[in-house]
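Chain naming follows the written order as A, B, C, D and E, and within any one chain the residues start at number 1.
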């Protein structure tokens, strides 16, 4: 195939996955956390599409398309929660959401 | 009625009674009467069972079997041997007396209380008749449930600690037993006690024994005992020491010794040493206890040690004596705890320093406590003497020093029991003993006197149990052949 | 014959049960008469058994079994009675003397508000004692043995408001329990080797020498405890806390002599363990001296008699120990007569003085109580062994048997016997001179009261009179040099050993020596206590030693009781509470602390949760990559 | 020959495009998680999505690439931007807050995951992941994707719609609490 | 061009379709049915939907003796699926009963207008999540797995947050110095929102992990279908393939999250506490059923060749779950938290069955789920009853006297607690025995020991709940009973339906003690679906 091997794509996906995970782990702003989750899902998508290319079958692509829809859904619910939090004048800082613990 | 269904009836009748009592919204009086009726019916069924038991036949009798879950070969298998029948008898009689005591003192929350007592009856009977390891285990654990609540709800001031300690201790042992049961059952392909093979695994033996030595208990696994016996309501202490403790000893006989002959002989000396330690230690601490129930509690520890001594002697006399002593001590400590309850009701305390002089003007109390006391210290001629004599004669054949220790403990037993008697009944009147404190009332007499009468009957004919527990001339041979 | 035995055994039990079951529904006096009647019925049964056994010449004895009492493996012990010459003699003594004493109790206990309990106990005692003597195997004997200990405990502690009585009762029971334990151990050996405890069928045969010695030692332990022989003697004087008839019956006439009966009954074993048998004799010899010495300084009238009892049982042990079983048994019988008599007369005195027992207050009582005085004198002379009173015939033949041994220890025993006779005379007549002769002391005058103008109720006086006659003439049943129906009767059951059969010469010179010694004792007593011609030897150390009963109580307290109690207390303090009772809670606390730690991880911070998820995922991946 | 040259020229071009796409992808990814203003983060995400779409194209997934741009950049990020605008910008610096070990743990865990997967990929690279790479002309076209969707993965297709519907309902519920009337 | 659409086995997907259909109908209720009867109507629809799905699932069980995939290998129609659906539908039905009286915001508001906010949507989401789980248990490829996972997860995220009260005082961030037991003063509805967000973020992270894992497995095997993966692994000798094992590892982590197994469990206590109790009851029982059944299928069907890896992994995870769950539960005061930790530890137990990876383990798992889900559901339902009574979160303190005041619920709770503890009241006992037997047969004696020790530790807090209910005088109760019940005019809450639900749980957990053989037979037939 043209360009780099599939392995490179997967490696990039892995790095992107790591970046997304790191984002979830170090950011306190709910919105940014949601964005980082998008990064993770996109990393999965990249890997799927690269491997779909590798195996010459469509499952990966279909999977990726479905994941996009799922990601959209998650965002929808997540943003709904953000709006609800905001409506209660609660901080969007995830560290303050620690009433439940112990 | 089919004879073999008697065994199941004995288990399920009280449980059905418990459920009935929980469901029916009866008054306190009606609930108590109903519970008592069930207990007495239970005694009646047991008498029927004893009457139908064929002592001239070997092996399991009145057997019932139904598959519980087939793929692991677990079945609901119950039946009785001679010795199990006696222990069932002890259970139903003691439980009837204790239920009656609860009725007599008018326990509040009567529906819960009596239901739990009946549940306990059924579970305990189940332990003694189960012939499948998992069924045995289920009933062994099921006993804890009513006991936990009975102690925790109706117990004394420090009941919480006592009851948690009791349950956790016992469960610590029995859960390891569960592991051992699983290992045994899966290895041998069946959980059946009658058909199951013997095992030479020392680990499994230890797993089983741990449960039994905690339940019995033997030194030094008795950490739960003093608190539980002191804090439980008297009738529950009576059950604990009279009946429940016997489940541990029964387990040693039915499972540990019968199923693990090689490990038994390997660990024999160790177990005998533990048992002897329990005997001496219990006696010494009973001697220094400052309250009624403390003395009875530690003496129960000592008695458990003694019975274990008999069981692990592995001789004819040891086995027979142990069974006899289980029944005798069961009746004794049940009645002693009931009397302790009666005394505490009259004086609000069991502490010796507040008691004394209760004999004067209370002949029934004095006579019964005295009778029980002297039977308890195994005055020659009594049922417990017969039991102890056989046990020590049996263990003598193993090695003389066990008997020497045992004989020494008998002297100690005299010391602590007489101390108890005189502290309660004799000498100057205690500060909490009011002149108005009544003698035992007819209701209490009706509970204790039958137990004492049973003891006197056993004293007159200990061979009734000692020679009717195992089939054949040699109990040791019967155990070796796994009671077949 | 067996019917008589069963009647004899069960009548007192029936009496007890009846009194117990009736409780307060019958008047006190009815309880008293139920007990008395039951014991006399027992005596009737004993006579029946005796007469029918006598009619069967040459018959050694007969067993009768009600049912198998205890059975296990190849060990059986029936509820089995054994009627033989030995047991019939004991039955007669127990029920006969017992009957008289129970009768006496009616008067003595009159007015005590727990009379019914007393009579229930005392007939229970008679039942137990009869079980002991009639039991056809050692196990049943042990049962009776324990039950007499129990009834002794009950009766000593009868006045249970008195702490001293309760303590004494406990002490008696515990020491006897010790004896029971050694006996039980002996039985274990027998069971282990012969599988039987019955008196029939090669009883005690086939044991190894060690085993048989141990068995004999065990039995001796039981016998010594029951019979208050050194070193297990300390309970007996304390047992005088019980009512006086109890002392007469249990602690003089019957129970305490059971040890002698035991040796006679199990002489097969003791003869195989001759050394142990001689130890028994030595114990007896030692006890008779020690008890005699202690009796010299006692001031409680009952205690003096109690030590005298110990001393006399020492004689019986000596006799039985050297092998003169019938002499021992004969002394047992005469002793039952005169010692019961002495106690009962003492009881009359105590009763008349409203419970006073200190002899220093009693001087001159004889003037006010002549009947008592003369009866006491008869008993005292019998005790000292002055002919023709009964003690002479029985005691002398025991001492003579020691002479018959002819060995060095035989002669030591002999000297002890003679010395004992001297001491007997001395302490007995010390008592006599202090209490009866002379002008009544102010105390006596003040406290003395009569019962309807007599020295006591007729129920008290009649038994005393009967026993006075028996104490006087009871010994004529046998004068060993010439006339020995008693020994002949016992011969099938307990034949005197040949080595212990004295020649007539030995009998004669021994008699002379003992009588002289006794008379000497009386003379010294007269000299010191009557006319005050001799001062009491001033030996403070020895006096104190005697007053402290050779410090046995203190010794046992220091060596056994206190260490045991301290050990138990230390166990509780150092082990039970901190280790056994705390281990569970400690483990629980540690567990809870672990829980607290785990809980602290649960910070409530979302990112921490994600971190754990990520780290967990990383960990699983790493593990898989490594493990693949 | 010319095809070879063309191929190699195309290859070089592809490589260049790839490198650019990777850098922009990773760079914008890092930007997403490092901008303190979420508004910028959301914008950076657009860049990320775009560069991913380029890579999809390189992988012959035209339809997916198109969908990516439409769905993500067109819908999701816009939604984000609306919400960010609605709640107002809330600045927050990375690496802050939480217990002291949170940051270390975060770097450790995320790094470990990354390294592990990269190592796994690396170990695989010389093996099965090497392929000649010729695919049919239809590969990745909408028609082809549609066929695969409706024949091989019909159920997945259906589920996707359900998931979206549920999410919509959820968003409505969360976003629209009725006003208290009393 | 003709498009040969794939054949769809409508009957095989029947339960799912019924549920999703009912969900749509319930959703329509939200707009078409007047507010007054909306609650009743939507609850009826939910009940009917679950009942119909239950019947269909039973029918499917009977009719699916030979398991096979349907809809081009996307979904398994076999008895494992059907049995799982039966259990799920039963729980769903019980949740419906519990939810009929579900009062948003725990009924703290006396506003009758607010009471029925979103009630129809609630039932629609309940049905939708039920449908998602019913789909999830039958997933036959990684894509369907992921999608159905998200399907029910998203529904659950919303359900967790559904009770938030937009007008309650804003207290976020104030709780830092407050002890957990003092939290009563703060808006519980805020807790609901917090729970939803935590669940969403952690859940999405888990989903991302699962997705990446799926991608890697796909990369290794070239296919997403379970049996295809197994075939590819077998034919190409991929057992040790780094892609494959990394993928499996990530999938294990992702599924571990759903089962709330430690160390992927951290969200569980918070979410269980914060979510409306009705939802907690549903989540704690149904989610575990779905996740565990699917995990067993996935591992044994797709990755049988890597059993040495995942069985160890699950064994370790089980051990950690048992340890963490039990130890943390010891020191809790909030009953929902205790039960949450308890569910973590039970996940550990069930993972023991899973890790054995044998037919016996499968049976053990399937069996265990029955009494477990009954007890978990029942105990949360009882907590819900207490909450409705008091209007505040239930703690050990305010549980005092509950057993005596409400005999039926008290006995049921008592029963469930002893059942959880593995005492032989109810099938929990047999379940534990079964999983431990499976571990033993697998040769893992250490796991058996771990299991029994964990049970020992767990006793303390289970008994603690019983103690709180029965052994403390209710005079200790500090909180005034009240809530909407008291305010709205003294009429006691209509709790018959709740009682029916608890009673059903009671009967199931008791019955499973006696009816072991029939249940095991069912499970055995179900486990035949696997190549074991």
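In the analysis below, a contact is a pair of C-beta atoms (placed from the backbone, for glycine too) under 8 Å apart; a residue touches a chain by one contact, two chains touch by 3 or more.
Computed from a prediction, not measured in an experiment: that's the story for all the values here.
Where touching is counted per the definition, the chains common to chain A and chain D are C, E. Each chain gets a centre from the mean of its Cα atoms; the one farthest from the centre of chain C is D. By C-beta contact pairs, the most connected chain pair is A-D. The most central chain, judged by C-alpha centres against the centre of all protein C-alpha atoms, is B. Averaged C-alpha coordinates put the centre of chain B at 43 Å from the centre of chain E. If you average the Cα atoms of chain B and of chain C, the two centres end up 36 Å apart. The geometric centre of chain A is 65 Å away from that of chain B, both derived from CA atoms. Averaged C-alpha coordinates put the centre of chain A at 25 Å from the centre of chain E.
Counting partners per residue, chain C has 588, 599, 602-608, 610-611, 614-615, 617, 621, 625 as the residues that reach two or more other chains.
In chain D, the residues that touch at least two other chains are 98, 102, 105-106, 109-110, 113, 116-117, 119-121, 124, 129, 152-153, 156, 159-160, 163, 166-167, 170, 172-174, 177. Within chain B, residues 164, 168 each touch two or more of the remaining chains. You'll find the chains touch as A-C, A-D, A-E, B-C, B-E, C-D, C-E, D-E.
Residues of chain A that touch chain C in their complex: 21, 24-26, 28, 94-95, 97-102.
Residues 161, 164-165, 168-169, 220, 222-224, 226-227, 281, 284-285, 287-288, 315-317, 320-321, 357, 359-360, 363-364, 367, 370, 374, 377, 379-381, 385-386, 389-390, 392-394, 396-397, 400, 403-404, 407-408, 410-412, 414-415, 418-419, 422, 425-428, 460-463, 466-467, 473-476 of chain B are the ones that touch chain C when the two sit in their complex. The touching residues of chain C, when paired with chain B in their complex, are 20, 23-24, 67-75, 79, 114, 117, 131, 139, 142-147, 149-150, 153-154, 157, 160-163, 166, 169-170, 173-174, 177-178, 180-182, 184-185, 187-189, 191-192, 564-565, 567-569, 571-572, 576, 579-585, 588. Chain C meets chain A in the complex at residues 599, 602-607, 610-611, 614. Of all the residues in chain E, the ones that touch chain D in their complex are 3-6, 8, 20, 27, 71-72, 74-75, 111, 113-114, 117-118, 121, 124-125, 128, 131-132, 135, 143-144, 147-148, 150-151, 154-155, 157-158, 161-162, 164, 166-167, 196, 212, 216, 219-220, 236, 241-243, 245-246.
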